[in-house]
Every structure is written in structure tokens, then in C-alpha cells.
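Chain IDs A, B, C and D follow the sequence of writing; residue 1 opens each chain.
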Amino acid sequence: MEYQVKPANGKLGILIPGLGAVATTFIAGVEAVKKELAQPIGSLTQMGRIRLGKRTENRHPLIKDFVPLAALEDIVFGGWDVYADNVFEAAQNAKVLEPMLLHAVKPELEALKPMKAVFDKSFAKNLDGTNVKEAATKMELAEALMDDIQEFKEANGCDRLVMVWCGSTERYIEESDVHQSVAAFEEGLRNSDPAIAPSMIYAYAALKMGVPYANGAPNLTVDIPAIVELAKEMEIAISGKDFKTGQTLMKTILAPGLHARALGVRGWFSSNILGNRDGYVLDDPDNFKTKEVSKLSVLDEIFKPESNPDLYGDMYHKVRINYYPPHGDNKESWDNIDIFGWLGYQMQIKINFLCRDSILAAPLVLDLALFTDLAQRAGMSGIQEWLSFYYKSPQTAEGLAPEHDIFKQLMKLQNTLRHMMGEDLITHLGLDYYQDLVEAL
Amino acid sequence: MEYQVKPANGKLGILIPGLGAVATTFIAGVEAVKKELAQPIGSLTQMGRIRLGKRTENRHPLIKDFVPLAALEDIVFGGWDVYADNVFEAAQNAKVLEPMLLHAVKPELEALKPMKAVFDKSFAKNLDGTNVKEAATKMELAEALMDDIQEFKEANGCDRLVMVWCGSTERYIEESDVHQSVAAFEEGLRNSDPAIAPSMIYAYAALKMGVPYANGAPNLTVDIPAIVELAKEMEIAISGKDFKTGQTLMKTILAPGLHARALGVRGWFSSNILGNRDGYVLDDPDNFKTKEVSKLSVLDEIFKPESNPDLYGDMYHKVRINYYPPHGDNKESWDNIDIFGWLGYQMQIKINFLCRDSILAAPLVLDLALFTDLAQRAGMSGIQEWLSFYYKSPQTAEGLAPEHDIFKQLMKLQNTLRHMMGEDLITHLGLDYYQDLVEAL
Amino acid sequence: MEYQVKPANGKLGILIPGLGAVATTFIAGVEAVKKELAQPIGSLTQMGRIRLGKRTENRHPLIKDFVPLAALEDIVFGGWDVYADNVFEAAQNAKVLEPMLLHAVKPELEALKPMKAVFDKSFAKNLDGTNVKEAATKMELAEALMDDIQEFKEANGCDRLVMVWCGSTERYIEESDVHQSVAAFEEGLRNSDPAIAPSMIYAYAALKMGVPYANGAPNLTVDIPAIVELAKEMEIAISGKDFKTGQTLMKTILAPGLHARALGVRGWFSSNILGNRDGYVLDDPDNFKTKEVSKLSVLDEIFKPESNPDLYGDMYHKVRINYYPPHGDNKESWDNIDIFGWLGYQMQIKINFLCRDSILAAPLVLDLALFTDLAQRAGMSGIQEWLSFYYKSPQTAEGLAPEHDIFKQLMKLQNTLRHMMGEDLITHLGLDYYQDLVEAL
Amino acid sequence: MEYQVKPANGKLGILIPGLGAVATTFIAGVEAVKKELAQPIGSLTQMGRIRLGKRTENRHPLIKDFVPLAALEDIVFGGWDVYADNVFEAAQNAKVLEPMLLHAVKPELEALKPMKAVFDKSFAKNLDGTNVKEAATKMELAEALMDDIQEFKEANGCDRLVMVWCGSTERYIEESDVHQSVAAFEEGLRNSDPAIAPSMIYAYAALKMGVPYANGAPNLTVDIPAIVELAKEMEIAISGKDFKTGQTLMKTILAPGLHARALGVRGWFSSNILGNRDGYVLDDPDNFKTKEVSKLSVLDEIFKPESNPDLYGDMYHKVRINYYPPHGDNKESWDNIDIFGWLGYQMQIKINFLCRDSILAAPLVLDLALFTDLAQRAGMSGIQEWLSFYYKSPQTAEGLAPEHDIFKQLMKLQNTLRHMMGEDLITHLGLDYYQDLVEAL
């Protein structure tokens, strides 16, 4: 059984709700790369290689030479925002990239003006932009988005589209009745049900238009049954949620290492200092609460304290986010990890990560856009668990625990690509290299 | 094709050349665990679980319940050292474990007296013990060791034996003619060739007696063609070299994570401070040189700068070991890692690992002893590449690059165990969970 | 003009309200020192030296050989607590000192049983001990304390007494009318005014009995005008408040250094993790608020942003205390300091202090007791500003800003001792060493 | 007795042997400050204040408003280097300041061309510049320098001159006969004695011309008896040596704090990573040796282990400098400090200082130039011990131990300024504020 992956002919439109720090760093970066002013570091689709076949074959092509991905030259950008600033202005405000670099791509960025957003202040009280659609019902808002999408596709001569949410984190909500089926959801759209968040309207519009959707924020959006049902019905790919960067990235690297060696963990204290808008919002204990829940779950899934009570049963895990303006977008984390080894003897690990939030997130937008487009062309619809690698809270089919270990996520991603292209899966067994031995079995 | 793994009946003798810090911490620990005074944390064979079958089957047995390993109760210890101190005295000198704990297992440790060592001062000039064998030739020394082994086996009623080298690091030597074949090596033993190190004599004696050998030091020992040939001939398992602990352990966890995300690395500065005998020896620039070479290679293999020149081509990697008596066996490392992401923007990671050297090494001795015995019972002879997980410089068949990524090493180890027991290998592909999708293909 | 310091004849009783972690670490330590089992490290009175005269005289006596202090052998301990545990039991609960050490002084500690406390649950809702005095009014409670003091003095044959508060931090209160004069305060005692905290009743009783009082907690206690008035009237020494340890100690060392060099500070982020009872209480945002205010003021006083706006005007200072049980009393702090130098170029300092809270506080109890007794014998009554060295929020005469720079505090302390003993004050001018120059003036 | 400080009328010429990273950062900075593009942060003479009189007087003038210093507008720069690059080119090569800033002062920097150096390859084998004076004897070289000085003074209309050495560190040499008196030294100049270093020739020429000399490198230069004698004879100010920046600055801040509190120190491990030319040279164990000696002495002088054996007698102090190109001039230090407190309980402090070498050094050049000129105008000649504050190895009169505690150095500097201007010295005694008490004495 093999995939028939359609070729990546023609233009790919990347549609982005939310043209803030991450999105503008992503767009400016792609333009700079196209001009050969910089490199798309951190992007697996552009810089990464994949091993194929046996070790002795020495086949390690670039991923972009192995699977048929859209070329950067064929990408067109579009987006919505509640603020009317063009992408050049928005990138300047974000203070992530240096003025010199921004000026080198100024014409391209200035040409990108956000479409009017679907917005509801009750979901993000800190925002007060006015570049917002007006309509009688949420269904009409959805239809307006579909019109935007259609117009964008035609105006830009796009062959295919993908949507990647880079908008703000919305207020926490729980699933309710209106989210349970396509029918209920559409009824809700017509009634302007308050439980339907703006991000859901974008996702609905995208799927109805045959556009796959990737969710970079911790919003509920594509997790709800109605959207999953619609994705299956329309045979469209979806995935989420919350770009995995910074401290959580580091955790899902280190924790599997400690677990691999059966080292115990008594405590893990994580402190973050950051001074961008995200940090300001998360400094509020209420807003932080939901983020905390999701951040805490990462370690539990990797360590599985219930099956390893002697090693992880008493682990005390605490995450703190501290708003600290002097650092701006240069998020910095400090982790103290109390581990124990042989006979319970204690050791400590301290990690200080001086990172840059949007610099880590931008290449994920690119990879998610290109891989999602690839999946769609390969006929893979519904939840794309193989993209777990990119998310803090990977979306999985009901009943399946998400995988947080970044190395298992990578293996899953790579073996999916190999599978797609009819290559052997890699198990790292490698006993066949030891001929004598194999013959002796 | 399936392995016929023989059951682990009867006693397993663990023979250890070198009863210093690591070995005594290992032995005292096993005795304390047997008395239920402490737990064998850090030992995969004792504490680790393995996932079997599909995720939805929820099968995660303890490894020791999955593969037939020798029970701790069936282990008997023996060893050689150039100092005549019994294991209780040697453990006290090592200052790793607390007096209280040592006293709880004092009778067991006191009863363990080292056999006379095969020793050659030209390979370790700092040692001046006198518990040393005298003989006319190196062949006679080998025969004396074989007698020791035979006597030990009988006296302790052992069913099987394994040997794990925990002796000092020997002076660096390169392969020469005498190492190229069993014939040349045996001729060298008879001539007392100066290029034959004591550790090689132990390995030769072990293999001749049908005893598998695991090499915890960076010594050449089992890497030489003569010993590899002998291992094949005798159908005995060998593996090495250099227990992977501390900073290198941390590196082979973190580097694969950075590589996974295609993040670039400009520099990696590693400083260590430690105050035990090992640190004292390595403070000498000459002794450190060979250690440095091996330590540096770890990152190169993971990052493959030649195939990723834009990401790792200019990486400056420096490792320093500083003798610092106040810390004793509490080795501490500090790493500064200069990385870069999207468009070349720079970030830094600082890791301070307050570790304990012998506490990290002791469980590796246990796992290597038990897994080596398992391999032998499974009929797996020669180089055990699947034990790479435990080594700084994994031994592989000629022509195969060693794998340093600890997560690939773990995958290799686990899939080997699954393969041994006739279970499906795990690829983390997982597309089958997404039924609709698979049917749709 | 010179002091007539009375000799330290006879026994000195140290009376301690609050026999918790700090007090028991202090008492057990003094007993261990008396038995020569350990040394009173961290105590200036026991280990410190003082330079006298010109540098070329080479006079650096131990402080205890320079000024007439009570000898450790002449100290007798007493105290109150709301829990009836003797000091041995309380020390065990505190988990600061090792069992071995505690057992070595067990008889001495077991003999120390707390007197019944003056307590009011509204000032410390987490405490529920029952070893508490009952009385009709607060005045009667004060009288009961005076009886305790009198009895203790007689029973132990003490020549002199000092009181050092080591009790819990009380709920924050502001000064009110009842605190404004001795008359109002005594009226309040008779009326059981709710604004009179238990610690104030101890202080009142002490001063009435001629016993000087030192305040180790951030409580208002001796800061109120009524107590200052009473201290002057009775000619008794008082001082406070809040033992300076840990992160604040580090800050008042480092900040003067940056200020000395006119280096600017953009931000100072201070995170603490600790797992003792103190940490538990301070994890609550409300309780932390007042602590925060006091902690923040430290930097302001040293940097004086109003007179150095270019260097410190925009400084963002944030202090966080995080309850983290795995660390127990081993408080750990992490500071990130963003500084700037020549032309505004930015630099960073990161400090990770793995400290032990009570170990740092215990010697301060000893020094404060001995120096307070010295001051009293020297006829120095009222506020002892020269003891600022020991406090987070030094008490000063009205209208005088407290000095937080630990080096100015030390200079003040040392010059006070020199002054007391008729020695020349030290200014570090030192031009006189350069004879030719001086003659040339 | 008061100084008659002459006013700072007319132009002050600052003559600098060695126009490398430090000197060009200094000059470019002063030019930028004059254009109000940046601020002279880190310079006490420009940004610092001094307290005068009693605390209650609230007098804290800027130092430059208190003592008569040369104004930045009145400064003229000149210098020598073995490379002929003008200061703009040299600053570009140094890669300390951003291109944008350098361009803003390009005309001023380009106009500054180095005079031909007095140079001797045997003292700095890494340098191979050709902008070097040729002459028959070292005396003739000295005379050529005197001519340079005279010409510079006239050409620039200077009223006064000072010389600050910012040249490379010379090879280590010990004092020999030729250094013992002016007579022997001049004889040596005539004989071109190989023990006379280039820096000594500059110092000799300066003093003969009535120009005071400050020594920013660890070179012997003005420490030798001949130069001290000449300085007295000519009544000219001298001082040295080695600008105190980075890790040593941090040490002389922190160590006095630990000492103040009588906390013990078991070990202090200092690691540095830096990638500039200085780092390259110091990576060589031989070159590092002398630097190490001087760096180690700092702690000894502050802790005085011989008089505090219980606290500091066993202190293990180790300093490592590691060449690490990725960091360039951004020197980074990591210190691990093992301290102990009450009863010997152990604690640790880790300090990671991400500093910039030349940014910290540049303001010291300015302060030393201005204060040295002030001293000269105040009639203070010979060794200026009050400038110890700026040096790693402060020069003192024979028989006087150097003071390394930065807070005593600051007190010395400030009290010298007060003394100079007829203000009361400050002792921080402050008992006079406590009126009642003082009356009671």
C-alpha cells in the first residue's frame, strides 16, 4: 500500500489569522531567504535531512529533496488582523528583527495588508483594534471569511491554500453542546452562540473551502468534535495545538533522556521571564492557569508517574511565567531539576535558556504550512498526529494519549515521510549488520 | 525467526577487574537493594518498563518481567585489584556512599577480598599497589587469571559468569601488529609484548573461559581485531567502551534535540570540575588529550557537520576538565551552548549539572552485566552494538559509524529486546490508529 | 569622650520568643560549639577580626578579644513557643541539622522546654499550637511574661538578659493611634486593643524588665513610637528588623559594587525556591505582598534612582518567592541582572545561590544577642543603628534613611566598636603613608 | 591643611600607547558622548556622585561638580601603535562597537593616526606591525618619544598631558639591577639593556616631560624602583596596574561580602571564556601563568587565610581562561564558590557574568586620565594609591600591602576627594544622629 502524492505544482497560499510577532517574523524571514539574505534555520523542511535505507547506503537527502514540498518561490502570503497595520509596520512593532533586515524586505512586507478580522472582544479583552468585520450573525462572518479566501485564491492565482493560526490566545473555554456536531455548530453559527470563538469561525470557513488548518495557539478550535467531523467529511487535514518552543521544547528533549536512564525526578521548577505582549498577558494568574495545566501535563505523559511511582510518583512540578519588560521578546527560562540516581542519591540540573520566542516559532509556521499541504496532496485527511513534533499539546484521535517525547515525535514524523514515499521504516534494530550473528539465529 | 533465550537458572558471577569507586558503589548498592534499604535507581533492567504492541493495548511491563534476566538474589561478586583492601575498605576510601549505608552492608563487603591483579605500572603510573601477580610471561598471567575464574566459579557454584572492567584508564596506546589476530596476540602473550595492556590479558582470559566482557573504561581492550576474532570464534559477547555518564550523557540527550529542530550550533563550551582520583589524572594535559578526542567526536557524529555545513560547519567545540578537590566525587559540569535559529538569530543555553560520577556509573555496571548475560543466553555473540546506550564510544562492526544519539540507542536496545522475545518492533508510525484515513488510501 | 563599658561578668540569659527552625539551629549550634564539635562559622563576634590603627601596625585582633563580650560558656537559653515540643523535638522537625549532630547535644536540647506563649491566632492563622497563656487582658499577658522573665533570671542565676525574636512573621499591620505613645499603648494593653500584636507584648515586657530586644522578623514591633519612647525612658537598647540572609544579603553585596562603578541597571529579576514553612506561607500572594515591598526597597536605597536617573531610573525590579517542597530549608535563589556600561552596551549577571536559610540566620541571633548586651553595658540605649549590618530593614531614628549597603553597614559597626574602645576610626584615606606627599602639602 | 588644587584650564591631551580594542572603544565613546549620542556609563568621574557632610544635609553632588576635572570638550587624543591603522580602522577590527555608532564618529576617528611605536618583538611575539621607530639605542627611542610628546603638545595647544598605557601585555620579566635606580636605568637605556621593556621607555619619556603615567596592563613598567624614584624627583603622579574588570571586579565585590559575614570558603573555581586577541594569547599555559598568579592573589589579600585559618585556610582557588572564538570580545565568566556557614554546613554560589571586556575597561581609561590630571594639579606626586579602585594589582608604597576590597578602595578614593576639597571624611559612625545617646556618654 503506497501513497500517491500529487505534485506541488502552482502557487501555495498561506493564510494567517493574526499578523503579530510570530507571523511577521515568519513572513519577513521567508522573504529574506528568497533574497538569499538569510537562511531558514530551524526549519526541518528547508534544512533537515532524512536517513533512508541501511546505514551503509549512506543516503541522507534533504527532506525537501525527498518529499515533494511547495518551493519558497511558490508561496504567497495573506492574513487577517484586528489592527490595520501592514506587515512592515507590525514587524517593526514586534521588535523581533533588526531594522536593517526589515528594511531589506520592506516593499514585500508593506504590500501585505491584513483583511478585516472576525473578532470578539470577550475572547481577548486586551485587544482593541478596529479592523474588524461587522455582520448580523456568526454564520455571516464565516461566509465573509469564505469570500475573503475565494478572492485571495483568485487574486493570487493560487493552486492550493493552507491556514495557520498565529493569532492571540483566546480566553479559556470548555467544550459545550454547540461544539458536539457539525449540525449543532452550524445552528450555533446562525444563532451567534457565545461559545463559538473567533478561531473556530476561521477553522470552519477554511474547511468548508477545502483549506487545511494548523493551530499555533492553545485555543480549543480544531479539537472540538464538530470540526473533527467536518474535517473528515470534507477530507481535509487539521492539526494542533500550541507551537512547541522555548522551555517546553527543552523539557521534551531532556525529560525523555532522564526517563531513558531510569533516573528519578523529585522536583522540576521552571521559571520564565519575558517582556513581550504574551508575557504581559500570562503574568495574570487567571490567564496563566490554563497555560499551566497544559505545561504541566507534558512531564506527566513522558514520565508516566502512575506506572513508575518509585521514580516519578512524588515529582513536584511547578511552572512560573514572570512578566519582565527588560527582556522583550528575548524570553529566558531557568529550570532547576532535582533528580536522584542509584540508591536514591540526589543530583541537580540547572538550565538557563536565553532564547527568542518568535525566532523559535517562525520556522514552525513554515514547516506546518508545507507539511500540511503535503499531507493534503497525499490524501491524508483529518487529524495529523504525525505533526505532534511541532506542538505543545498534540492533537490525537479520541482515546489515544498524545506523545510528548520529541524523539518519538520525530521518529513518527520521519517514518511517516518514509512510508509516504515507499521507503523502509527505520527501527534502529540493526542486527542485520552483524551477519554472523543473524545467520546463527 | 525467533531467539531461543535460555532461562536464567542458577547463579551469575559478576567478575570485576578494578574494585574502586564505581565497582564498590555498584556492589554496596546491590547488597543494599537486596536488603530493601534502597532502590536500584538508574538501572533500566531493574526499574525500566518497555512498551509492547499498539498504544491502545496498554502493555508496559517492567523489562525484568519481559526478558529473562538473572535476579539480584542470584548474583555473586568477585574481582581483582592492585590494592589488597577489601570492598568495605575500598568503598570507605572512595567517599561516595554515606557511612551509615556502608555499615548496613559491612559484612557482605568485608567478605569480598580482591584477587591479585594483573598489572603493569607502565600503563598507570599513579598506582602503586602490591596485590599483584608475578609470572614469567604475560601468557602465564593470562593462565593465572583463568585459574582464578575457574576457582571462583566452582567456589561460588556459579552457572554463568560475566566480566565488567571497572579498572583505571590505562595509558593511551594505538593498535599495532600484535593486536591484529588471535595468533599474533597469543604469540605476543608468550613474548610479553609491551603493547599488550593488562586489560587485554583480562579480556583474553575471560573469552577463553567462555566469559563475556564489557569494557567500562576508554581502554582499547576489546576493540582490537584479535579480541573481536576470539569473541566470534568462542561465540562470546563483548561490548564497550567507557561508561556514558555526566556531561557526555547530557550532550547526547540535548544535541539530538537541537538537531531534530534543525537549530544551528556555533559553539559548545564544556567545563567540568571534579575532585576525585579520575579528575586528578585528567587534570594533566597529556592524559586529557585522548579523553578529549573521544569526547569531541560525540557531537560530530550527532550533528554531522559535513552534511549540515550551514548548521554545524563552523561549530567550535571545547571540553575542559578541571581538577577541583573541594567537590570530590561530586563532578559538576557547566556547558555554554551558542545556538542560532531563524535567519541566524543567536540564542544561548547554559547547563549546570551537579552530578555524582559513581552514582551515575554504578547502575550501568548492573545493566551491562545482566544484559550481556542475556545476550549470551540468547546466542548473540561478538560485538553487542545494541548496548551502545551505555557507552561514550560504542563499539560497532568495522565500517559502521557508532550511533551517539541516546534516543536512537534506546530505540535500538528496546527493539532488540522486542525482537528477542518475538514482539513487533515499534516504529512510532501509528497511522493505523487513524482507521478512516488508512482505509481511504 | 570615651565609653565606660562594663565587664561581661556572670551569666547572660538569651530569651527567645519562637523556638522554630532558626532558634533551634542557633541553640543546638552553640551547644555543639561549646562541646567543640563544630565551629560558629558566620558569626562575626566569634570568628571575625577587626583592624586597629595604621596598616603598618598589623593589629587585627579577634573581635571577641577586642571588645568585652559574654563568653559562650556563660550563655543560658530560654524561650516561648505556641507548641510544647522541647528544643530537641523542635530541631528534629525543622530538618535543618543532621540527626548525628542533634544527638550529640540531645540532653541539653531536651532540657529546654518552651514557656507558654503570648499568642493571637489573628496574627498567624497557620499556627494552631496550644502552649498558650490565658489571661483577661493583654496587660495581664504582659505581666505574665514579666513573671516568666523574673523567674527565668532567678532560676538560672543570670546577671543580664537579652531577648531576640525568632517567632513567625505576623500579619501585616500599619501603625495606629494605640502605637503612638507609651501612655496610649498601656491603655491599649489594658483594653486588649486588637492592634497590639503579640510580639509587641513581648517587647513591652522585656523593656519594662530592663531587657534589650532585637527583632529578627519583619514585624512592626519595636518600630512603633511607643516602644521607641519606652526604650529611651528605660535606657534600653532595641534594634530591628528581619535577619538579612540569602538573596537580600547577596543583593546588598552586589548592588553596592555595581553602583561603585557607575554601571547602570535595567532590570533585576529575583526568583527564590524554598520548601520550608516560611516558603509555604510566602507562596500566598497576599502574605508575600508586604515582604515584597520591603525586599524591593533594598535596591532603591542603594541605587538612589532619583539622583541617578540615567543609571537606575528605568530599573525594573521584581522579586518572586516560590514554594517548592523538594528543597526544604535549602532555599535557592536565582537572580538575573541586566546591566549596561559604556555607551549603554548591555551585559548580564546571573547568580544562583544554593543556600540554607537557617544556617545563615543562626549566627546572626548569636551576634545580635552578644552585641546588644555589649551596647547595653556600654550605656548605649534606644535604637542601635550600628547593628544595621544584620537586618533587611534597619531601624533608624526618625528622619534618617536606613543604610542597606552592607559595606557601609560593616564600616559603621566596626567604627562603633573602635569608638567604644577609644581606638582611631578608620577612613581608608591613608595619605599619611605617603610621607613626601603629605609634607609637600 | 588643605590642598590648593589648580583649576583645569585649557586643553588636556590624553596620550595612549596601544590603540587597540580598549583604547578605540574609549576614544570613540568620548566622541559619541560629546555628540550626545550616548552616555559615559561606568565612568565615576562623569556619572558618579559623592556624599558630603552629614546624612541629613542631603548633599550628593556629581563628582565632576565637586572636584575640578577637565571637561570632555577640552580633551585631545593622541597615541602610538605598531600598526598604522587609524583609530576608525582599528575600532572596526576590534569588533566591540556597532558599525552604526562608529560611523557617527568616523571623521574624528579617522583623523587620529598612530605615531610610530617603540617596540621590541621579544616582548610580544604575536605582534608584527611595522609602524615602529628605528634608533641606535633605547635612549634614542626615549628621546624620540619625548619629541613626539612635545610636538603633540604644541600642535594641539595642550595645557597639560597624561599618558595611559593601553598596549598589549608584555612578556613577564622580573626586576633586575638595571631597574633599581634612575642612574642604572639611564645607563641601561644608553646600552639598550634587554631588560628594559618598551612600556618602560614610554614611562620614562613621559615622566621626563612632566607627564603623569597610568598603567592599564599587568606589565612591570612603573613598579620598578627607578621609575618610582624618577616620579618623586620630577614630582609626577604614577599608578597601576591592570584595569580591574570582569571576573576580578566581581570577585573583589563578592569576596568582601562573604568575609564581612565571616562565612568560610572551601573553594572558588573561576572559568572564563573569551574569543578576542587577549583570550587567544592567554589560552597558552605559559602566558597564562603570570596572569594566574596575579589573579589568585586577589582573594588571598581579602580573606587573609593566615589570620583566618578556620574560614579560609583550606580554600582551593583555581582560575581558568579558555579561548572560545564564538564569543569574541563578549567575555563570559562562570564561578563556582563553595562556602560554609554555621557549624560548617555547606552552600554554593554560582555566578555567570556575560560581560563585554572593552566596554568595562573604556570608562576606566577616562577616569584614570581625569583623576591623574587632578592629582597632578593638586600637587600629589608619586604613587597614587587612592586609584587602587581601578586596578587588579594596585601599586602601593613599599611595605604596604595592596588593598583589593573594592569597597575599601572606594572609601579611600572618596575620602581622598573629600580631603582634597576640605570636606569632612566619612566614617559611617553616625552616633551623633542619636542625640540622647551622645549626650549620655
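Note that in this section a contact is a pair of C-beta atoms (placed from the backbone, for glycine too) under 8 Å apart; a residue touches a chain by one contact, two chains touch by 3 or more.
Which chain is which protein? Per UniProt: A, B, C, D = Inositol-3-phosphate synthase.
Here the structure is a predicted model, which is why all the values come from computation and not from measurement.
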| item | value |
| --- | --- |
| From the options A-B, C-D or A-C, the pair that copies B-D, where over half of the contact pairs coincide | A-C |
| Intercentroid distance (Cα basis), chain B paired with chain A, Å | 39 |
| Distance between the centres, which are taken as Cα means, of chain D and chain A, whole angstrom | 53 |
| Two or more partner chains touched - positions in chain A | 350, 352 |
| Graph class of chain-chain contacts, one of line, ring, star, complete, other | ring |
| List of chain D residues in touch with chain B within their complex | 266-267, 269, 271, 273, 285, 316, 318, 320, 322, 324-327, 332, 334, 336, 338, 350, 352 |
| Chain B contact footprint on chain A (complex, rising order) | 1, 3, 25, 29, 32-33, 38-44, 46-49, 55-56, 60, 97, 101, 232, 235, 249-250, 253-254, 256-258, 260-264, 304, 307-308, 310-311, 340-345, 347-356, 359-360, 362-363, 379-383, 385-386, 389, 396-397, 399-401, 403, 406-412, 415-416, 419, 425-431, 433-434, 436-437, 440-441 |
